[in-house]
Each structure stands twice: as C-alpha cells, then as structure tokens.
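Before I ask anything, here is the structure I am working with.
As written, the chains take the letters A, B, C, D and E, and residue 1 is the first residue of each chain.
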C-alpha cells in the first residue's frame, strides 16, 4: 500500500466523518437544525477534523515511534492499518458525542485554535532546531580556536595547513555595508513604487506592474550575480571608481549592493503596496478634504497608518539581503576586508558560511567549523537587531493607536 | 524499501569525472544511475563519516587525501573500513585572455608578484610591485592581476604549496624570512600569504567565474584546472610553468609541477548492501573509463600511471589501515 | 484672512452667489444619484440641505469640493462655479479648491494621530502658522469652537481614534475649521452630538457665517430652521425646492416638501 | 426562536430584570470611563441611555455584550447578569452571549460584501434558516423593518459599502435584527436618519419590544421620550439617574438631569 | 463654552490666490512637490522595470537557443556481427555490448553517409568525424536496440544528436575563428557540418528533450535536459505550498488575533523576524540534522527539500500575513462579533478575505524565493547529478531528484561553454514556472482586492 493510498484513505475517512457527523446532528433534531446548539456543518467538521488530526498525526509519528521502539521493518500494511484505524476511531468517538446540545462549534474552534497554536510554535521549534544544529559544532570550534581572536581579530585568512586567522569583524563589516547599500537602493525605490501603484496608478497599470516587479524576486540569484559580474561591476569600475581614483576593482561592495537592492525591491514594493492599499479610504478623504495634496496625504496620513507593515516589509528585505550569497560572491568578491571605500571588494558572513561549509577543507578543523560559529553569531546579531527594531516600532506606534 | 541507487558526494573537482562515469554506468548496466552530489571534499567526507546505513552516502569524492582527523571522526561514527581509490591527477594551469600577452612563468615570478610581504633590507615590507615586468624583465609590461582560488578550494592549497612556497624557496626568501620570523609556523605563513590589495583576487566560485572575470578584466591571469582549460581553449591562452606546457602527458610524466591527485572513498560496509557499489568502483577505475584513452582523460583527467595497482586494490576491496 | 481680501469679497457679495451649480448630474456607474440640480449658494450665509436618507445630499456636497474625484466610477456632469469659476475646469487645481472649500464628513474619520496633530494638520499643510505658538493657538481656538476643548485639553497628545463617537465628530469639525476655508461643507455635523454640544456647534456655525459661507446637511428640521438662512430640499436625486428657510418651512411650494416637513419628528 | 424556549422565557419575565448591572467600572488604561454603575434592564422594555457626548454611554453599552473585550487596555470590573447569569463569568462563551445580545454600532460598519450577504450573515452563522428561501425571507423582513427595503430591493447584490450614510446605518440595524437577539443594543441608531426613516425605525423598535428587550443610546430627548419606557442618564461616567421615562423627563430627581433635560434642543 | 471670535486665523494668512485658475505661490510649490513625488514614483517603477527588462533580455538572449537542437538523421546498419555476436538475441548477452561499440557503429554509419553524399572536406580527421555526433547518440541507439532486439540486422534511420560544438555552430555560438583555437573542434569539422546542412541531413528543430530529458554529464551538453529538475522543483513547490501557506497563515492568525500580548508572543514575533534573516544555508544545516539524521528521511529527496524550504519561507509568509491582518480595520471585526459571530468566524469570514491580497503577495514572494534557492539544498544532497526520474507523487517525494535552481547552478559551473546556454534556458523555464504562480496570484488577488 503506497503512501498515496494511505493519505487518500485518511481523506476518505475524513470525508465520511464529515458527512456522518453532519447527518447525525441533523437527525438528532429530526431535521429542524435551528434546535441545534451549533450548525450541522460544525458537527461534521468537528468529526472530520478529529479524524484528520488523528490520521495524519499517526502517519507522521508512527514511523518515528516504531524506530524508537526498534521495530525495524515498518510494513506499509501495518502503517496503513494503524493510521486509518486511529482515524476511524477518532471519528467514531466524535460521532458518539454529537447530539442537539453538543457544543460542536466551540469544540471545533478549540481544536482549530490548538492547531493554530501548534503552527505558531513551529517558528519557535525552528529556532530551537537551528540553535541546536549550530551550537555543538560552534562549541567544538571554540574549543579549537580562541574566541577572543574570532570576535576581535580584524583579519580573515583561513589556511589549509591550520594556523588560520578567522576574525569575524571584516565579514561583519562587509555584511552591514553591503546590506546597507542594498537597502538604500531598495527602500526608496520600493516604497515609491508601492506608493505610486497604490495611490496614483490605475488599477490596470497596477495589475500589470506589480506582478512584473514581483518577478524580480523570483529571478535566480545567479542571474543577478552574473549581471553584477559582467555588467554592473565593470561599469562601476570604468565610470566611477577609476575616474574618481577609488581603485580599479571589478567587484565591489557597491556592485553587490546595487544589484542586491534591485533584487529585494519587490519585498518592499509589493508588501507595502498591499498595506497601503488597506488603509481605509475615509482617512484619505479626510486629508484631501482639508485641502492636502495627494502626496501630503500619503506622507502624513497614509504612511504613518501603514507604518508597522512597511517596517515589516523593510525588515524582510534586509533579512533577505543579509542572507544572500550568490550576488555577493560574484558582485563583491570573496576577499574579507574592512574598508570604507565602497568600490573595494569585500565579502559577507553568509558567503563565508557557505564557502567554508562547501569547501575542500578538513571537516573537523576550525576552518570548516567556523561556518557554524559564524552562523550562530549572525543569528545572535540579527536577533539583537530585530529586538531593537521591535522596540522602536512599538515605541513609535504607541503614538498612533 | 532499501535504497537502490548509489549515493556519492564530495569534491566539485572530481564531480565531472564522477558524473561521466555514473552516466556511463547507468547506461551500460542494469543498475540505476548513481546520484552524484557536489558540495566540496570536506562536506562530502563529513557526510561519508556520518555513519553506516541506508541514510548515509556510499562514496565520497575528494580532491585531496582524507585527513587523519577525519578518519578519526569517521571511526567514531562507525565508519571503519574505507577503501581509498586514486583515480588520477588534476593539473593546475595558469591562463589568460586568448588575445593577450604570452606568459612564461616560474614559481619565483608568482611569489614575487603576489607575496603579501617581501624581504627588503632585512625587514618584511608590504609588496608594492604593480607590473609583471617589474618581477621579471622577461615578462610582458602588464598590470599584475591574478585570479586565484579562494580559501575554500583545494586548488588554493596546491597553488600555495607548489607555486608560492616553491617560489619562496627558489628566491631564497624563505631563508631570509626564517631569520626575521622565528616562529616556524609563522614563517611558513609569511611565505605563502598573498597580498590583499586587490592584485590577487580570491575566487570563491568556480572556474567559470574566473573565466568571466578575465572576460571583464582582460589583463587578469587566472588559475584553472586543466580540464576546464581544455574545454575553453578558444578563450584562454595557457602559460608555461618553468618552461613546460601543461598537458595530460607532461603532468603524467611529472614534468609539469603543479598538479594534485584525486580520490574517491568507498564505504566497504555498504558493498553488498547497496546494489552495484563494487561494480561502480571497478567500473570507475577500469581502463575503459580512467585509462589514458578513456573518456575521463579525454575530458582532462591526467590518468594515473599506476592505474593497474588501483584496479587490483578495488577488486580486492582493500581498505585503508 | 487679510483685510483687503475681505473688503474685496464684501464688495462682491451681492453681485453673485458664492457657488453656482448648473444642471449638475452625478452617476455612480449606472446609478443616477443627482439629477439636474441647479442651486446658488450665497456668501456669508448658511445653506441647509435636507431630504430623506439616500436622496443625494452627501453626493451633491461632495461635488462642491470635488471629493467625488476619489470615488471610482463616479461621474459628474454640469458645472459648478465658485466665485464665477468652474471648479470642474481642467485648469483648476482640486487642492486649492479644497483649501477654499473645506469639508466635514458624515462618518467621523479622525487620523490615527494625536488630537493635537489632527487639528494642526490643515494649518500646517497650508502654512497658516509660522511657529509652534501660533499653531497651539489655532488648535485651541478650533477645539474651543467645536466645543471639545474642555474634554480633551488634558489629553491633546492622546490618539484621536480613542475618542467617543461624538468627540470624534467634534474633532473633525475642529479640524476643518482650523484651516479657515471660505466655504465649509458639513455633512450632518451634529448627528452624534448631545443637545448642548449641538448648540455649541450651531453657535460656531453662526459665527462662521460672519465671514464665510456654510453648507450643512442635516436631518433635523429644527436644526435647519435654527441655523440656516437658505434651505434646499432634495428628493430622489432631485432638488425639489430651494429658497429662504422661513419660506420653506412655513410655506413650501412643492407638495413633496410639504409632506416631508409635516412629518416633522426629529 | 423555538417555542419551548420562548415559553420558558415568558415564565420568568416578571421575576427578575433581563439584565442587571452591579457596580460596573470600566477603565481605558488610566482613564476611568464608567464609575460604579448599577442598572436593571427589563425584558420587553425599551431602555434609553442619554447623556452628553463622551459620558460613557457607548462604553457601557459595549459592556453588556462584552464587545469591550476587543479593545486593548479596556478593563471591566463589577458584574453584569443576563437572566441571572454573570456574563463575565469565565465559563460564559461571549459568542453565545452576543448571539443573544445583538448590537448596532454608533458608526455604521457594513461588511465589504453585498447588501444581501450583510443581512444574511447572522442568520447563516446561527443556522436560523434551513434554505435559501427562508434566508431570503429573513433578509427581506429585516430590511423592511429597517425601512431600507424599498431603496435597495433592486440592488441587493451591490456592495453594502456603496450606500449612503443613513442607508448604511439602516443596513446595520437590519443586520442586527435579522439574527433575532433577545436583547438588542442600539448605539444612536437614528443619528443619520431623516425623520421618516427615524419614525420607521422607532416603529421597528416598538415591534421588537413585543418580544425582546431593547437598549437604545440617543441624543434626542424627544426620541427617548417617544420610544423608551425606562431612561438612564449618564454624566461623566456616572449613572446619575435611572427610572421611568415619564418620570425622568417630567420630574427629574437630580439637578444634573434637570439641567441636561431643560437644555432641550435637538 | 464656545469661545467667541474663532476666526480669523491668528497669523496673517499668506496671500492666497482668489481665483481658482490662478495658482498662488504656495500652492505652486506644493504642486511642484506633488509632481516631484509622482515622478519619484514613476522613476522608481521605471528603474525596477528597466532592471527587469535588462535581466530578462539577457536571459532570453542567452537561453532561447537552448530550446532548439541540432540533429542529424543517418541510416545505420545494425550489424549482428558487432552487436550480437552469438546471434541468439539474448537480452542478457546483448546487454554486455557497451555503448563504446555502438559508438563505433554510428561512426561507421556517419562515415559511409558522408561518402555517399559526396561531401569532401579538406583536412578532415577521423577525430572530427567521431566527434561529430554526441556521446549521447550511442547510448540512445543502444537503448533502442535493447528495447527491440529484432532491429539487429536491419538498417534503420537513426536520429542522432550532434555534438554541442556543432550545435553551437548552427546557433552562431561557435565560429570558424573560435574553432581554429578550440581543441575540441576544428574548422574542418565545421565545414563538414556546413556541407551536411547544405545537403539537408542536419536540421535544427524544437528541443523537447531539453524539457523532458534528465541531466547529462559534462561531456554531453547537447543531451542535458531539465526533466528531473522540473519534477523535483514541482514536488518541492507542492510540499511548500501545502505546508507553508496553511502553517504560515495559521500561525499569523494565532499570533495576530488570538495570542495574548505578552513576553512570550513578543518572543515569537522577534523570533519569526529573525528567522527571516537566517541565511538559507543554515536552514540546510537544520534540514540535514533534523530531517535526514534525526527523522531518517532519505538524502536528495524532494520531501526533505520541500520541508526545508517550507521552514525557510514561513517567516516571509507569516510577516506579510500579519501585516495584512493588522491592516484590516477593527470595525469589521466588531461588526461580525456584534451579530454573534465567534472570533474564529469573524476572522475566517471577514478578516481573512480582506487580508488575502497581502497573504498572496507574501506567498508569491516566499515561493519565488523557495523556487530559486540552491544553498539549503546543497546540504541535503539535492545539488546533485540525478538521471533517474522520481516516481509519481507521494512515493516520488522520497526518490532522489534535483531542482531547477540546482540545475542552473550546476550548469553554470561546468566547463563546456554550451552549458551556459542550457543554464539560461533553464532560467527561462524557471521563470515560466514563476509566471504561472504569479498569474494564479494575480487572479486571486483581483478577486479579493477592495478598498473600504
């Protein structure tokens, strides 16, 4: 019995449970559904949801349980029997509870709420998982490499023979520098595009432009990388860096920042557009009615009202910028350096995580393990930044609501 | 259901060879085509050393020999019987834009051009040369710009060892450095450290990136694998090293100095568990594949003069001790 | 308002109506909401629009400062002259128009800002003040005028959306008054107000009339009678009758007006 | 409403008030909006809440069906009993409570759906109907009751947000009536209505009183006098006086009530 | 009570134009600001669209040719002598004959054909002839013969792929000049190609294999296809869509609508924002540790990829969904609660539909990101050379597969320049995937979008 059929079987049980649950509720009041505490659908959905939860939970957990209990050969037939059996059992139990007074909606909603809570815990679980999957190897790294050097050294020079310099500072600097430039590109462009789309453009234009801009987020980053490497980099070098005497590096922070900025435009523009569009028209009317120009209305009424959402969008864009590798590798180069000159090559933490993790170095040596420490450090840094951001948004928002 | 295809992971240098063999293996036998992951020697060996069983890989490709520390980690996870198979050599060449100047290098030229610090008047001072002909009057009057493999690449190790360190020795700089820097490790490091002022550009990507960089900076000189160069002879001009033109022959004979062996490692415990594993290993090192006339050599692998010995070892399932 | 301008305008008072609507038609898509309305609104006068709910009072009011522009699918025909100039002329800047013709909406819509910022908003964008002190003064005056000052003077920096319904309505009146428009359109400004607050707002309207023109939509016949000099009665999108308030309420010409008035309840 | 339940309720009518509020206090953060309010609301009776704007009428009204739960920072103390059961009891399901105690809000807030769906929403979620025909019937009845049927019968599937202010208000009344609550809380339901529509809504309130209990907030003293049997006068968060409407309007006990009533205007 | 003398404004009101048609100085300034503001908007959109156009042009320019492929049809004599020495058509025996032999058969057939056609090219070497055909051709011929042993002894018309360089010559990528320097081809070989084309043996036609065939090794760029990658990506997107969207929306609903506002929910909120900033490769580390090592799911499987990408896209979906939920005015919730709807009902009936555009946007952007991501797949073994098609859904989710971005990433790393064209072609396919998603979202968004 293949997985496909097992799932189909669960779904069948769910459907039957729904129909029977609903039917029983209707029957309980001899057809006059107004006498029911909850509408018949809720009785059906309660039974169905219970059956579904039981079935799918069993499907996911049973093999793990079997593994723990050292039942090595989990036969598909047994699996199917257990899963479908549990599902039916749950449905039957739900079925027995159904009568006119059964608070099916409340029970159903309580179940749904449980599911919702479970879902929002996935985020926490992911974080825990990430920390756990980084922390042991990081500890191993710090056993082999002094933490003072890692956090305070300004030199990054891994070496195959060992004796490497693995200071995070140049990488951190590169990360912040490149992300900042990317945001300087993306936030104004994205925000203005969003404003134009939601406030000025006709629905038709908006309907075309918005998805087009969204395509920018879907173009594989390697394309951006090549674009940076072949077009933007040389152009910046020939028309800006060299004439200004700022060096002649083909790859630079500027190149990567610009190109990455273009990539994250849709994060700012599309999300902000939705949020701005959701600001009630009556607020705009209020401002326009006082003789404000549309732009004044946008700046002083619409944007403040949409602020929390816009901040979220910008944070998302920033996050994406921090996590990007390909554009940095091809656009900004791979050399770890601390420099103010934006036309110099630099690199980011993320790039080095990837390269140290996928390189040819000894996997038990600090040169590879440093990737985990970098990951963990970046995690902590972004966490701190996010806390600050949340705090600022809160403080700012309190003025409004 | 037990896994029925072979799982391979590891070095991206070995990857093309492994895919060529895997493809031919899938075509010519009843076994499914093995799955070949890329991801670097370190990552490959790490997966290899994760343990024994269906959820772990069978073969790790590596562009270097497995390290002792890695074998310890392997053993700790229960991976004890490992077959080491050397498939041949990878030549490392220096090439520049096809329309540019001709170069005839020696390791000393590279050392003088790219060393981070040079000895001057008994002191280590930052390297300031900007043109190749300042390094060696026989070289063209061209800005120094070298695209060298990034620190993640095994090629970097070979480059540092066989070119920079060799140049360091050749120019007698090593002895002078030893006088200034007393710590032995530090002295070795000073010998191979590359400049960071933009003359030596680290490439963390692959050879296609190096090629693209030469495309956008025509005076750059890149470090490539021989097979990559051979596939792009219409765009690249190769430089000689110590007067030898790199080719499979000159490398096999040892005339051309810059090369390294390539390996793959087989988990012996999986032979018999994973269908076709031993057949694949044998197929890989067979003359039809890895021999001098085989497709791997045609693609640029320098075939191992001692291939017969390897074939025998694989047939015997000889493990490392 | 500087004196020259005032004198200038005074000179014109009797000449022409402040606002002259000519055969105005409004369509919401297919829905013909305003049919052939002609109306003259005088300066320094309060004009009341009355009529059953849904008859088009708000719609017509919104035409006068082109707030209908913001409604998709709304089409206006005919002409409306403000001081003799067609406000639907292509050269007219609706922003300038709305600065002259202010509006209080039917549903209170305070900005999600502090009470103070809500009121100071108009003066700021129109540059009516030169410094904080002046702004403070305008804000206080406007809030006092709208009979809200006492209730909010201790919480000027609390959000305007946290006010009660009636307070929000007065806030919106204060906001509109603070910009000192020449014509003020008020769409049921007292609907959520208690009698005392209503009286205060009516007093405010009376004061405004000294200098400006006010148009007020109301459902309260008594209110219309109390505050307005002219009354327009709308019915099903038509302007049924327009004339002096006294005449409309004592001696309506049209039977529909008659029957609407006589059902006086409110 | 099934018959058994109705009989059951009838038997209890005279025993106890439908709603009994006991020392209710409401705070918005620091702001003490309702202070120590005790009030009994009888079944089959219309109770009017009057008082100046911002005195806490809406706040108290929202307490009765726990709509205050949704306002962050709003805290309710004291007890409110509905049919003898404390609605702030932890075991009480606010949903069921609100199905029994319906509400019309001060600001009309139609769903951004069609007019029909706005009205049919309540009956649908409460399963009051068994088929489309019954739903149609309920919708029509509710819209007729709210005096909106004639205006919208041809555009039942047009969006409810495209109605005029007064129409939206009546739509919200229809929506609340359609769910047949036992107690209906109406926050200034006629503020945007013309006299005729107001009369129709008042008639509706009178009809509802035959079976249910109605609480109405109004600024119109006349309206309070016309429709209600009991009146509560609020001032600055206090319940100043509560009694028979006749008595309150003719013979108020408290000087504050007196002075508020006598300023009768709107 | 009401303060007397409300008007006029305390400060002398700045000169206001009396005529509506004459614009006063301040209004002119404000209108100029307005115009500038609009222009910023237009410029912003223009910049974004120009960047998009440039990228698309470069992709299309480089990749469209991947959808065409050069083939040659030659009669091949399948001599029993070479292919089935025993002559008993025993499949097991015939399977012993390797592709090498079939290669020779094809070589002879091509040589014979050249002679028969009377094409003569000076300096044509044996290598030029043997290198004319793709190395894939013998494999295909062998598969064909093994599938139908009766063919042996016959002469069949065989449709063979030409070598990538020849293909490139027809597409203009390889020229006589470049061939002169290229060690893998020669001008003579290209002349041969030209002559054969003139005779009509060679044709370039639409390349369905590019979309359906599996990947090929570095020596056969002409045979490399996207079949496995498309299936892999499709499976992964299914997993992501089926998990990330409901989970993301569910947790947003809980956090935004139900969760008490306290330390814990703040923590969750910060957490989610922070997860968005975690580099995707770290999700790969997590996936490897959790799904492969702990749960025991197989390597290189789309299910694992899908799960990892789900975790990766969740923050994007949650953040945008929460923002969208937050933007729904509270009066709508009140209205629903007021008629006795439960919180759950008010959310699912009213709030969620109104928040839908924002949710869809987040989903689209999240999916686009997931669709183009390689780094996390690196660690769970999906950045791989896979030639066997995964099985149909559910079971197939556990079979090895690659993915579109992986294929692109791999191909851009390969030495043979012909792979660059393939990579660009793959990008086009990926964008088409994306386009479908976008169109779906546009349609849905249209349905839900509404200003109130």
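Here, contacts are C-beta pairs under 8 Å (C-beta built on N, C-alpha and C of every residue); 3 or more make two chains touch, one makes a residue touch a chain.
All values reported here derive from a predicted model rather than from experimental measurement.
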{"item": "Least step count from subunit C to subunit E, where 1 means the two chains touch", "value": "1"}
{"item": "Chains in simultaneous contact with subunit C and subunit D", "value": "A, E"}
{"item": "Mutual neighbours - chains that touch subunit A and subunit D alike", "value": "C, E"}
{"item": "Which of A-B and D-E has more C-beta contact pairs", "value": "A-B"}
{"item": "Closest chain to global C-alpha mean, per-chain Cα centroids", "value": "A"}
{"item": "Approximate Å spacing (C-alpha centroids) for the pair subunit A, subunit E", "value": "19"}
{"item": "Euclidean distance of C-alpha centroids - subunit B vs subunit C, Å", "value": "82"}
{"item": "Length of the line joining the C-alpha centres of subunit A and subunit C, rounded to whole Å", "value": "49"}
{"item": "Approximate Å spacing (C-alpha centroids) for the pair subunit B, subunit D", "value": "82"}
{"item": "Residue list for subunit E, restricted to those that touch at least two other chains", "value": "30-31, 34, 296, 342-343, 354, 378-379, 412, 452"}
{"item": "Where subunit D touches two or more other chains, by residue", "value": "95, 107, 125-126"}
{"item": "Contacts with 2+ other chains: residues of subunit A", "value": "105, 226, 280-281, 293, 296, 357-358"}
{"item": "Every chain pair in contact, whichever chains are involved", "value": "A-B, A-C, A-D, A-E, B-E, C-D, C-E, D-E"}
{"item": "Residues of subunit E defined as touching subunit A within the complex", "value": "30-31, 33-34, 37-38, 40-45, 47-49, 51-52, 54-55, 58-59, 246-248, 250-255, 258-259, 266-283, 285-286, 288-290, 295-296, 311, 314-316, 318-320, 322-324, 326-329, 342-344, 354-355, 357-358, 361-362, 364-365, 368-369, 371-372, 374-375, 378-379, 392-395, 397, 405, 408-409, 412, 423, 427, 430-431, 434-435, 438-439, 441-442, 446, 449, 451-452"}
{"item": "Sites on subunit C touched by subunit D in the complex", "value": "28, 31, 50-54, 56, 58-59, 106-108, 151, 162-167, 169-170, 187-188, 190-199, 219-223, 260, 263-266"}
{"item": "Subunit A residues touching subunit D - in the complex, by the definition given at the top", "value": "32-36, 38-40, 103, 105-106"}
{"item": "Subunit A partner contacts - residues on subunit B that touch it in the complex", "value": "11, 39-43, 45-46, 49, 62-64, 67, 69-70, 72-73, 150-154, 156-157, 160, 185-186, 188-189, 192-193, 196, 198, 201-205, 209, 212-213, 215-217"}
{"item": "Touching residues (chain side subunit E, partner subunit D) in the complex", "value": "261, 330-343, 345, 349-350, 354, 450, 452"}
